[in-house]
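Some structures to go through are shown next.
In the two complexes that follow, subunit A is the common piece, with subunit B as its partner first and subunit C second.
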Partner chain A sequence: MDIVRVIVKKPFEPGLLLLILILLATSPLYAPEYAVVLLTSIIMYIIITVSWTMFSGPTGYISLAPAAFFGIGVYTSALFGFVLPLPVVIGMGGLAGFCLALIVGTLTLRLRGIYFVMFTLGLVELLLHFILWWEVNITGTTGRVVPTVANTTVYYIMLIIFAILMLTTFFIRNSKFGLALQSIGEFEEAAAHRGINVNALKTIIFAISALFMGAAGAIMATRWTYIDPKIAFNPLLSFMPVLMAIFGGIRYLYGPIIGAAFFAYVEEFLITRFPYHYMLIFGIIMVVAILYMPDGLVGLIQKLWKRASGETYEGA
Partner chain B sequence: MRVLEGKGVTKYFGGLAAVFDVNFHVDQGEVFGLIGPNGAGKTTLFNLISAALAPKSGIIKFKGENITGLKPHQICRLGVARTFQTVKIFANLPVLDNVVLGSLFGTSNAISSADAEREATELLEFVGLSAVKATPAKDLTLANQKRLEVAGALATKPELLLLDEIMAGLNPAEVAQAMELVTRIRDKGITIIMIEHVMKAIMSVCERIMVLHHGRKIAEGTPQEITTSKIVIKVYLGEKAHAGS
Partner chain C sequence: MIVTILDVVIAGLLMGGIYALIAVGLSLQYGVARVLNIAHGEFIMIGAFITWSLFTIVGINPLVSLAICGPIVFTIGFILYRTLFTRLRTSSASPAAFEGSSMLACFGLLFIIQNLAILIWGADIKGYSYLAFPVKIGGAVFAANRLITLGFAVAIGLVFYLFLARTRLGKAIRAAAQDPAAAGLMGVNIKHVLALCFGFGALMAGFGGTLISMSYNIQPTMGLEYTVIAFIVIVLGGLGSIPGSLLGGLLLGLVGSIVTYIQPGLSLVAYYVIFMLLLLAKPTGILGK
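This part shows the complex of A and B:
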């Protein structure tokens, strides 16, 4: 089994990762502006998907709250964008996501299964309508203007958030807390009786994952210039990370990245080529993926890799 | 010294008294048996001790300290570990990681992952699972899963270990091995409370036995006293069992 692990890990050595990061970091120097903008939105999807997987992957708690944490980041940007420097706004966006998740987590992480799913989805709607009500009745507006930032700046900030997220994910996965999260997903009750403070651990990891979503929302808002509650709290952003993570392979470190990158690119491609049918094609890809690749894209690649290298190792 | 003491421990499920006004104590180093017909409240009592459930009333003391109202992970870190009637293992994790988790989180002291792994390896040897260290836990036989659960509980360095029917569903050879394991754990100086339906096992391993029936304590004493107690025979072993044995 160890041999298989080594073989399987080989294509994703840290060296390769570093190379990709360097390529990404230098791309604004030589790539066309359009590519940089496309990369920005791809990285945004990757951030949301990877941070979603950080919590929901090992624990099995399917959260449909990403849009809420992202949206709260967007609104932080709209509220403070004109008065505070950009890095502070991004930090505040992350903090807003973190705090919201902390509160929500404390209240709801006792719920399991479908109840948790429904609550997190409800949270998105609740925030959307609450802010809509607030804006109409208290501030007397429905939308807000967000200060524009140069495309390259947005890109670099997104990249920095992504890098910090990867470091955090890597650290958690390889720490004892990564193992504890997995044990919660396997058998929460038994985990508690082995001395794991399950509620505290779930809540803090949930909040850390929301931090990155909030930060991504805060910087993404500057791309949109104008936002209103329906743009900020778009429920689609709650479902996308789930689909992307499953598509890429939820159990693997690189699965969500590859899933999100692939999906985001395909979305862009389909929108420009087939503007009227892209959602349909999208749906078909998803159904086929779930039917034929239960372990996602990375799982499929690993299976093929093992077959090619003559290993007959079953399961994981 | 009394490791564990319960006073007036009571728990209701709706209108049903699952455990009612039970007083008990467990001395250091002994193997204490808990028996009773199905539904007598044995597992509920374990759940109350390990804080999976909170008692309606009553006090549970561990080493003289009141532990009622604590959370399961706090109870575990204080030194009370348990296993479950239906094995609750981390099915997709390797056997070693199942035990490592206990070492990492089961005590109040921080421990390096290398030390945790060494401890876990020793414990797997102790329960006889060294050969299957890297296997996913779900691929083990039931007997081995039960051993794994015991190893995981031992990894939390308990002073008191609650064993809930570790012999249920095992064949005679496996029961003998499990009995031998229980005595080896006791020889380590760990106090044990065990729920068991395998009478031969409980009578030969335990120093004292408590009998529950409909949530109430009906008898307590040495195995001899229990097997000859009229009330126990009546409610638990049945009238004929007495004549037969």
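This part shows the complex of A and C:
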């Protein structure tokens, strides 16, 4: 069934993609400031969701650690923001996420998937408690100030991270690494017997996906000006990408983007006024999506499109 | 010195008893019903809040609440498995696919239960005082409610263990844990047994919640931390092993108490260090095969 997916023709033309990118890149010139700020948070969610899907999509290993990598990036920004130039800080944030993921991956990815899920589930809580303890007992102060950066700069850096992420995703999906990852997800032992170094590949892709989350965290921190462990390591950021990717369609390149954009937009309006209702609806959508739309929104649309256009629907 | 050691050990066992109880529940849900229940802590939270409501509004003794909360939470778990998870199980291509999709469904449940609880009870920290008078054991002083908590946790664990080991239904559950398909062929009503197991898992969480509310403060977002601890306990005891979960819970409680004595605030970090060492050295756990 997945062979069908690999050879199925791309639903979007590259030209359309370029147009969207140009529109996004020029938007600070004509759009109101509020729209730029909103777009920044939408792109942040897209970055986290797409990089989450880069690893968890093909392999089926559900990582619940995005908030940990994001938070490490946030903290890097707080620690070095006043000393080093912004691009270096962002790079360091990404690197911090990369290194943390490398350690976590080496520890857990050679074992069965369930250990990985369990370990990543608690990682955010662990870092939060440890840094809280550190700040209370060693440094004596909780929370830090982050240097502020102009909204447009934040937006452009977020956009650049997004562009690099999309290029990386394209490259991985269309290379032998992408195929190898896919085969790990289908039948790990068979993949190993084919000569794929499964542990090394899983760990490195996991670390690459964490790199983007760390970088996004490092730039996002500059918008908050003040951070403490509870803001930096918010467990919600671990759960959001999972839902967004599944709602959009985890097996499609554009699924996570659409899912993330949708929820980030809805969140903007609902979370300040009805935070708990919003989260409740979030959970209900999650259960309904898993029960009735196993291929997500994009999968559902493609299925309906095929049925409407009278094509014979083969497998998938 | 001896009093200090006694103090630390008993405090560890008191906490460990609750850890053991909630881990047995999770172990049952994962080991038999094959659902990696990330919303386990939410069932604990429901148990705790129902007990709190019954005590502060109606004035019902928390120990009597055990008999009220248990059936409520059990029914929720049973119905969830019969509807949601059975549907997922029959539509999944393989057991591994079911493990993945059921875990994601639990995510949704986590959000639903937690936010419903916040809408009903509010997001504040709550607590009540019940049997909080001090009791002396060999020089160390403890609140009576914590001793009762340990007693009930151990009793519930033992009764449940005997139920699994000695009764016909217990045998069916153990058979379903080993091989659901073969157990089905031997005349075990698999759908029913798996749903019962998920319900029993929720029941243990509910009991755990009631006992926790007797001696600790509670809030709607408390669940995740207990879920993480329960996960570490079942890995420590060996995935799917009920005696392992009991032993692992007591052990982890002991470690937590020792660490809290030396450096308060680091107990969760210590659990994690144990988890890491375990993954490196013996991922099958102390009683795993």
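Rule of thumb we're sticking to: the second predicted complex is superposed on the first by the 300 of 316 C-alpha atoms of A that agree within 3 Å, B and C clash if a C-alpha of one lies under 4 Å from a C-alpha of the other, contacts with A are read in each partner's own complex, and residues count from 1 in each chain.
Criterion: a contact is a pair of C-beta atoms (placed from the backbone, for glycine too) under 8 Å apart; a residue touches a chain by one contact, two chains touch by 3 or more.
Here the structure is a predicted model, which means the values were calculated and not measured.
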So in the superposed three-chain picture, is A:Val117 touching just subunit B, just subunit C, both, or none of them (first/second/both/neither)? second
Taking the superposition as given, does A:Ile246 touch the first partner, subunit B, the second, subunit C, both, or neither? second
Using the touch definition from the top, say if A:Gly195 reaches subunit B (first), subunit C (second), both or neither. first
In the three-chain superposition, say which chain, subunit B or subunit C, touches more residues of subunit A. C
Who does A:Ile290 touch here: subunit B (first), subunit C (second), both, or neither? second
Tell me the contact category for A:Leu179 with respect to subunit B and subunit C: first, second, both or neither. first
Should A:Phe171 be classified as contacting the first partner (subunit B), the second (subunit C), both, or neither? neither
Could you tell me which stretches of subunit A are touched by subunit B in one complex and by subunit C in the other? none
For a test of understanding, state which residues of subunit A touch subunit B in their complex under the given definition. 1, 176, 179-180, 182-183, 186-187, 189-198, 315
Give every residue of subunit A touching subunit C within the complex, in rising order. 60, 62, 107-108, 111, 114-115, 117-119, 121-122, 125-126, 129-130, 132-133, 136-137, 235, 239, 242-243, 246, 276-277, 279-280, 282-287, 290-291, 294
Complex contact set, residues of subunit C against subunit A: 36, 38, 84, 87-88, 96, 99-101, 103-105, 107-116, 118-119, 123, 224-225, 227-228, 231-232, 235, 239, 263, 265-266, 268-269, 272, 275-276, 279-280, 283
Footprint of subunit A on subunit B - complex, ascending: 50, 52, 71-73, 75-77, 81-82, 84, 88-93, 97, 100-102, 104-107, 113, 116, 134, 136, 152-153, 155-156
